[in-house]
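What follows is a pair of complexes built around chain A, which joins chain B in one and chain C in the other.
For the complex of A and B:
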C-alpha cells in the first residue's frame, strides 16, 4: 500500500461509507445496490484492519481534517481502543450485510432495498465516526447520523409495532443526544475548546466549578440513555424485537457498544480517572445500576415468549456487565469491560443472525412456533446454542473470557459479593438460553416447524463464521483480550 | 439579586424552555405534541449555545476598523449544525407519526398501547 493512501486511512474509514450512501440512491437497481453496499462495507473493514495494524505498531495516529491543526480544526484520533471498536463495528457491518440478501427479500419490499442500503451505510458511517473522532462536537454529529438512520431502519420492520417502537426510540434517543449536547456546551463554556486532548489538559483547572459538575451530570445521563443502561433501557426491547432481522443483528451488535465507547472516552480520556472516579465516585453510582440491570433484565428475559425480545433484554443485561467492568476503574476491570464489548458484539450479532434464519423459514420467532425447529433446522439452532453458551459464559467460549476478567477484577477489589453475584447471574442466562434450546430440540414440532427447511447456505455460513469466532476468541485471546488490555492501559493513562 | 435575575436572563429563558419542552415530552400522550415538546427542548439548547458565544460589549465578528471586541462566532456555527440535526429529527419523527396514524388510526399513545395489547 502506498504511503499516500496509508496517511489518509483515518479519513477514508468514515468517508468511504459516507460517500457510498448517496451513491446507493443513484444506483437504485436492486441487483446493483446490495453487492455495491456489501463491497463498500468490506472495504471499510479492510481500512480498519490496516488502521489497527498501524496503531499496534506505531502508537496513536492523529489526523488533521482538511489540514487544520488540532485544537482549532477537527482531529481524528486513533488509539488502540478506537481502532479496536472500528474493527469490530466495520467487521460486523460487512458480515451482516453479506448474510442479509435472502432475509431482506423476505422482510423488506424489493422496491425499498436501495433506501435500506443508504440508511445502513449512513448508520455505519455514524458509528465509525464516533469511534474515530477526537472532537467533542463531532461526536454529537456522528451520534445523530447513526441514530437518525437507525430510527428509520427500525421502522422498516414488517409488523406495525415497529413504528411506535421506532418513535419511542427517537424520543428517548433525541433526549439523550440533547443532554450530551448540553454537556458539551457547558464544557466548551468552561474551557473554550472542543478538542478532547486539549480539553483534558484544561479541565483540571476548572474542575471544582459547578458548571463542570453539571456538564458531567448531563453527559452521564445522556450517554446512559444512549447505551440503554438500566433503568434507562425502556426503548431498547421493542426496537430490537420489531426491527427487520438484519437491522436487529447489526444494531444489537454495534450501536449500544459504541455508546459504551463514548462513556469510556468522556469519563476517562476527557474528564480523567481522578475526577470521574475518585472525586465524584462515578464507579459507586454505576456499579449498583449495572448489577441491578444484569439481574432485572436477565429475569425479565426468562419470561419472554418472543425470542428476539428475549435477546433484547439479554442485551440490557450484557450492557450491565460492560458497565460493571468500567465501574471498577482498574486495568483488569476495564479489560473485562472492553473485551466484553467485542465478545458480546460477536455473540449477539450471531444470535440475531440465527434468529433471522428462523424468521426466514418460520415467519415467526415466538417460542410456541419454534417448538421442535431444531429437527428441521439443526445447523441454525446448533449455531444458536453455541452463541447461547457464550452468553452464559461457558469455558472455551468468548463469554467466559469476559467474565473471567470481571470476576478477577472483583476479587482484586476484595468485593467477594460482586464476584458471587456475577456467578449467580450466569445461572439466569442459563435459564433463558436453556428454555430456547429445550423448546427447539426436545419439544414436538409445531405446525410451522414441521414445514420448515434448513436456512440457505448464504445465511448459514456468515452466522457460523461469527459464532465460530466466539469459540476461537474463547481459546485464542491474543487479538481480543490482548488488544483490550492495551486499550485499557491506554485509556487509564489518559490523553497527553 | 437583580444581577442573578436580570443579568442572567438569557439563562433563565433557556432553563424555562428546557423544562417546558421536557415536561411536554413526558406528560403528553399525543405524538404530535411530543414532537413539539422535543422541538422546544432542543431550541432551548440552541439558545444556550448562542448565549455562551456572547462577549459583553462585543460586536458581530466581522473585522472592521474601530472595533476591537468581537463575540465568539464558533457556538453559532456549531448550533447551525445542531439546528439541521433538529430539523432532520423532526422530519423523521413526523413521518413516523404519519405511518403510525395509517397503521393504528390514532396518534394517542395510550390508544396505540391498548391496540397492541388487545391482539
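For the complex of A and C:
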C-alpha cells in the first residue's frame, strides 16, 4: 500500500461508505445494489484492519480534515480503543450484509432494496464516524446520521408493530441526542473549543463552575438513553424485536456499543478520570444502575415468548456488564468492559443472524413455533446454542473472558458482593438461554418446525463465522483482551 | 522417564470417537464397534502413562494461553489424576459393553446421540483428571455437566425433563455461583491457579478468608454431593441405567470428589489445613452426610433411589478423607474413588439387569429373584459387600485407611461414624440379594424360572464384580501410586 493512501486511511474509513450511500440510489437495480453495498462494507473493513495495524504499531494517529490544524479544524483521532471499535463495527457490518440477501428477499419488498442499502451504509458511516472523530460536535452529527438512518431501517420491518417501535425509538433517541447536544453546547460555551484534546486541557480551569456540572449531567443522561442503560432502555426491546432480521443483527451488535464508546470518550478522555469518578462519583451512580439493569432485564428476558425480544432484553442486561466494568474505573474493570463490547457484539450479532435464519424458514421466532426446530435446522440451532453459551459465559467462549475480567475487577476492589451478583446473573442468562435450547432440541416439533428445512448455506456460513469467532476469541485472546487492555490503559491515561 | 508426553491424546481420542460415532450413526454395529475401539484405545493410552507417574514424573502440556496475564489451559499428570483417569477410562469400556446390551435389549430411541454424549462425557472426565490448574478443571467440569444433560433427559418424557432440569440446575448453579467465584478469588489471592504440591494459598490470606474459600470450593463442587447439595443425584435417577453407572461410578460424582481432593492437596495444601484447622467443619459436614445418606437410603424401596442415596453417603467418605488432611486420610479417600467405583457400578449394572430381564424396580418385588437371575444376584452380593467394606473385597482397604486417618488426626468420633455407616450399609444393601436367594416371591407365587439379562449385561456386571475382588489384592499397587499425595 502506498504511503499516500496510508496517510488518508482515517478519512477513507468514513468517506467510502458515505459516498457509496447515494450511489446506491443511482444504481437502484436490485441485482447491482446489494453486491455493491456488500463490497463497500468489506472495503471499509479492510481500511479498519490497516488502521488497527498502524495504531498498534505506531500509536495514536491524528488526521486533520481538509488540512485545517487541530483546534480549529476537525481532527480525526484513532487510538487503540477507537481502532478496536472501528474494526468490529465495520467487520460486523460487512458480515451481516453478506449474510443478508436471502433474508432481505423474504422480509423487505424488492422495490425497496436500494433504499435499504442506502440507509444501511449511512448507518455504518455514522457509527464509524462517532468512533473516529476527535471533535465533539462531529460526534453529535454522526450520532444523528446513524440514529436517523436506523429509525428508518427499523421501520422497514414487515409487521405493523415495527412502525410504533421505530417511532418510540425516534422519540427517545431524539431526546437523548438533544441532551447530548445541550451538553456539548454548554461545554463549548465554557471552553470555546470543540476539539476533545483541546477541551480536556481547558476543562480543569472551569471544573468547579456549575455550567460544567450541568453539561456533565446532560451528557450522562443523554448517552445513557442512547446506550439503553437501565432504566432508560424502554425503546430498545420493541425496536430490536420488530425490525427486519438483518437490521436487528446489525444494530444489536453495534449501535449500543458505539454509545458505550461515547461514554468512555466523554467521561475519561474529555472530563478525565479524576473529575468524573473521584470528584463526581460517576462510578457510584453507574454501578447500581448497571447491576439493576443486569438483573431486571435478564429476569424479564426469561419470560419472553418471542425469542428476538428475549435477545433484546438480554442486550439491555449485557450493556449493564459493560457499564459495570466502566464503573470500576480500574484497568481490569475497563478491560472487562471494553472486551465485552467486542465479545458481545460478536455474540449478539451471531445470535440475531441465527434468528434471521429461523425467521426465514419458520416465519416466526415465537418459542412455541420453535419447538423441535433443532431437528429440522440442526446447524442453525447449534450455532445459536454456541452463542447462548457465550451469553452465559461458559469457559472457552468469549463471554467467559469478559466475565473473568469483571469478576477480577470486583474482587480487586474487595467487593465480594458484586462478584457474587455477577455470577448469579450468569445463572439468569442460563435460564433464558436454556429455555430456547431445550425447546428447540428436546421438544416435539411444532407444525411449522415439521415443515422447516435447514437455512441456506449463504446464511449459515456467515452465522458460523461470527459465532465460531466467539469460541476463537474465548481461547485466543491476544487480539481481543490484549487490545482491550491496551485500549483501557490508553483511556485511563486520558488525552495528552 | 522424562521428555514430552502427549497428554492431550487423552482428550483427542474420545473426541475423535464422538465424531466418528455421530458420522456412523446409520450403522449401529459399526457405531458400537467404534465406541468399544475408542474405549480400548483410550484405556491403553492412559495405562501407558502409569510408568511416568510411578517414576515420580509429572509431565505437562500447555493447551492454550488464555489471557495475557498468564492464565492458561494446562494438562498435567499426577498420581491422583492418574488413578481417576484409569478408573474412568477402564470402566468406560465395561459400561459401553453394558450399554450395548441394555439399550438394544430395551429398544431405546436416539442411540447415536446417547453414544456421542457418552464419549464427550468421557473426554470431559479425562480433562478433569488431567487438569493442570483450577481453570482447566473448571472448564472440563462444566463440559461434563452439559454433556451429561442429554443423557439424563434421554427418555424425553416430562418426568425425565424435570429430573434433568434439577440435575443441570443444581450442578450449574453451584459451580457458577460458588466454584467459579472460588477460582477467581484464588487467582486474586495467589496470583496463580496451578496445582502445586504443598498448595498455593499458604500465607496468602487470613484464616477466615480461607475458611470461606474452602466452603465455596466444597459447596461449589455440587458433583461431590455433600449435603445439602445432593438433591440432583436422586433426581438424575430418571436416566437409563448405563447413564446412572456413568454418573455414579465412572465420571460425574467421581469428578466431584476428585475436585475436592485436588483442591485440598494442591491448592490449600495439607499442612495449611492441619495447622489452621479450617477443615474441621468439613469433617462434620461429611460425617453428617455419611450417616444421613445411609439413613435416607434405608427408607427407599426403589432400588435405584436407594443406591443413589448410598452414593451420597459413600462420596462423603472421600470428602472426609480430604478433610482429615493427613497422609492416611488422603490416601484412603483417594483409594475409595476406585474402590467405590467398582462396587457401585456393579450394583447399578445389577439394578439395570433386573429391570431389563424382570422389569422390576422396587426392592420389595425382588424376593425370590435369585433363582431366575443367580449371576446377577451373586454379583450384587459381591458389590454390596465391597461397599460395606468386607475383606477380601476392595472396599475394605479404603475404609481401613480412612479409619487410620481419623485416628491419626485424633478424631475418634469419625472412626465411630465409619463403623456405624458400615453397619447401616449392611442393613440396606445385603438383605436384597439374601432375600432374592432365600425368600419366596411376595405374592406367594412360585419362583420364576431362569431368565438372565442379555449376555452383554451379564458379562459386564460379572467383570466388575470380579474387579472388586481383584482390587483387594491390587491395593498395594494403588497405595504405591497414591502415597506421594500424603507428602512422602
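The definition used in the following text is that the second predicted complex is superposed on the first by the 496 of 496 C-alpha atoms of A that agree within 3 Å, B and C clash if a C-alpha of one lies under 4 Å from a C-alpha of the other, contacts with A are read in each partner's own complex, and residues count from 1 in each chain.
Here, a contact is a pair of C-beta atoms (placed from the backbone, for glycine too) under 8 Å apart; a residue touches a chain by one contact, two chains touch by 3 or more.
None of the values given here were measured: they were computed from a predicted structure.
J.: Once the shared chain is lined up, is A:8 touching chain B (first), chain C (second), both, or neither of them?
T.: A:8 sits against neither chain B nor chain C.
J.: Considering only the touch criterion stated at the top, classify A:188 as touching first (chain B), second (chain C), both, or neither.
T.: first
J.: Using the superposition on chain A described above, determine whether A:458 touches chain B (first), chain C (second), both, or neither.
T.: After superposing on A, A:458 lies clear of both chain B and chain C.
J.: Output check: A:178 vs chain B and chain C. Expected answer is one of first, second, both, neither. What do you get?
T.: First partner only, chain B.
J.: Touch test for A:485: chain B only (first), chain C only (second), both, or neither?
T.: So A:485 only meets chain C here.
J.: By the touch definition at the top of the document, which applies to A:170: first (chain B), second (chain C), both, or neither?
T.: The answer is first: A:170 touches chain B but not chain C.
J.: Of the partners chain B and chain C, which touch A:141 in the superposed model: first, second, both, neither?
T.: Once the two structures are laid over each other on A, A:141 reaches chain B alone.
J.: Would you sort A:211 into first (chain B), second (chain C), both or neither based on which partner it touches?
T.: neither
J.: Touch check for A:161: first (chain B), second (chain C), both, or neither?
T.: first
J.: Can you pull the chain A residues that chain B and chain C both touch?
T.: none
J.: For chain A, which residues are in contact with chain C within the complex?
T.: 394-396, 401, 404, 407-408, 411-412, 419-420, 423-424, 426-427, 430, 434, 438, 442, 475-478, 481-482, 485
J.: Please output the residues of chain C touching chain A within their complex, sorted ascending.
T.: Residues of chain C touching chain A: 64, 66-68, 71, 73, 135, 138-139, 142, 146, 150, 153, 156, 161, 165, 168, 172-173, 176-177, 180-181, 184-185, 187-188.
J.: Mind pulling up the chain B residues that touch chain A in the complex?
T.: Where chain B meets chain A, its residues are 22, 25, 31, 34, 38, 41-42, 45, 48-49, 52, 75, 78, 81-82, 85, 88-89, 92-93, 96-97, 99-100, 103-104, 109, 112, 116.
J.: In their complex, what parts of chain A are in touch with chain B?
T.: Its residues touching chain B are 137, 140-141, 144, 148, 151-152, 155, 160-161, 163-164, 166-167, 170-171, 174-175, 178, 181-182, 185, 188-189.
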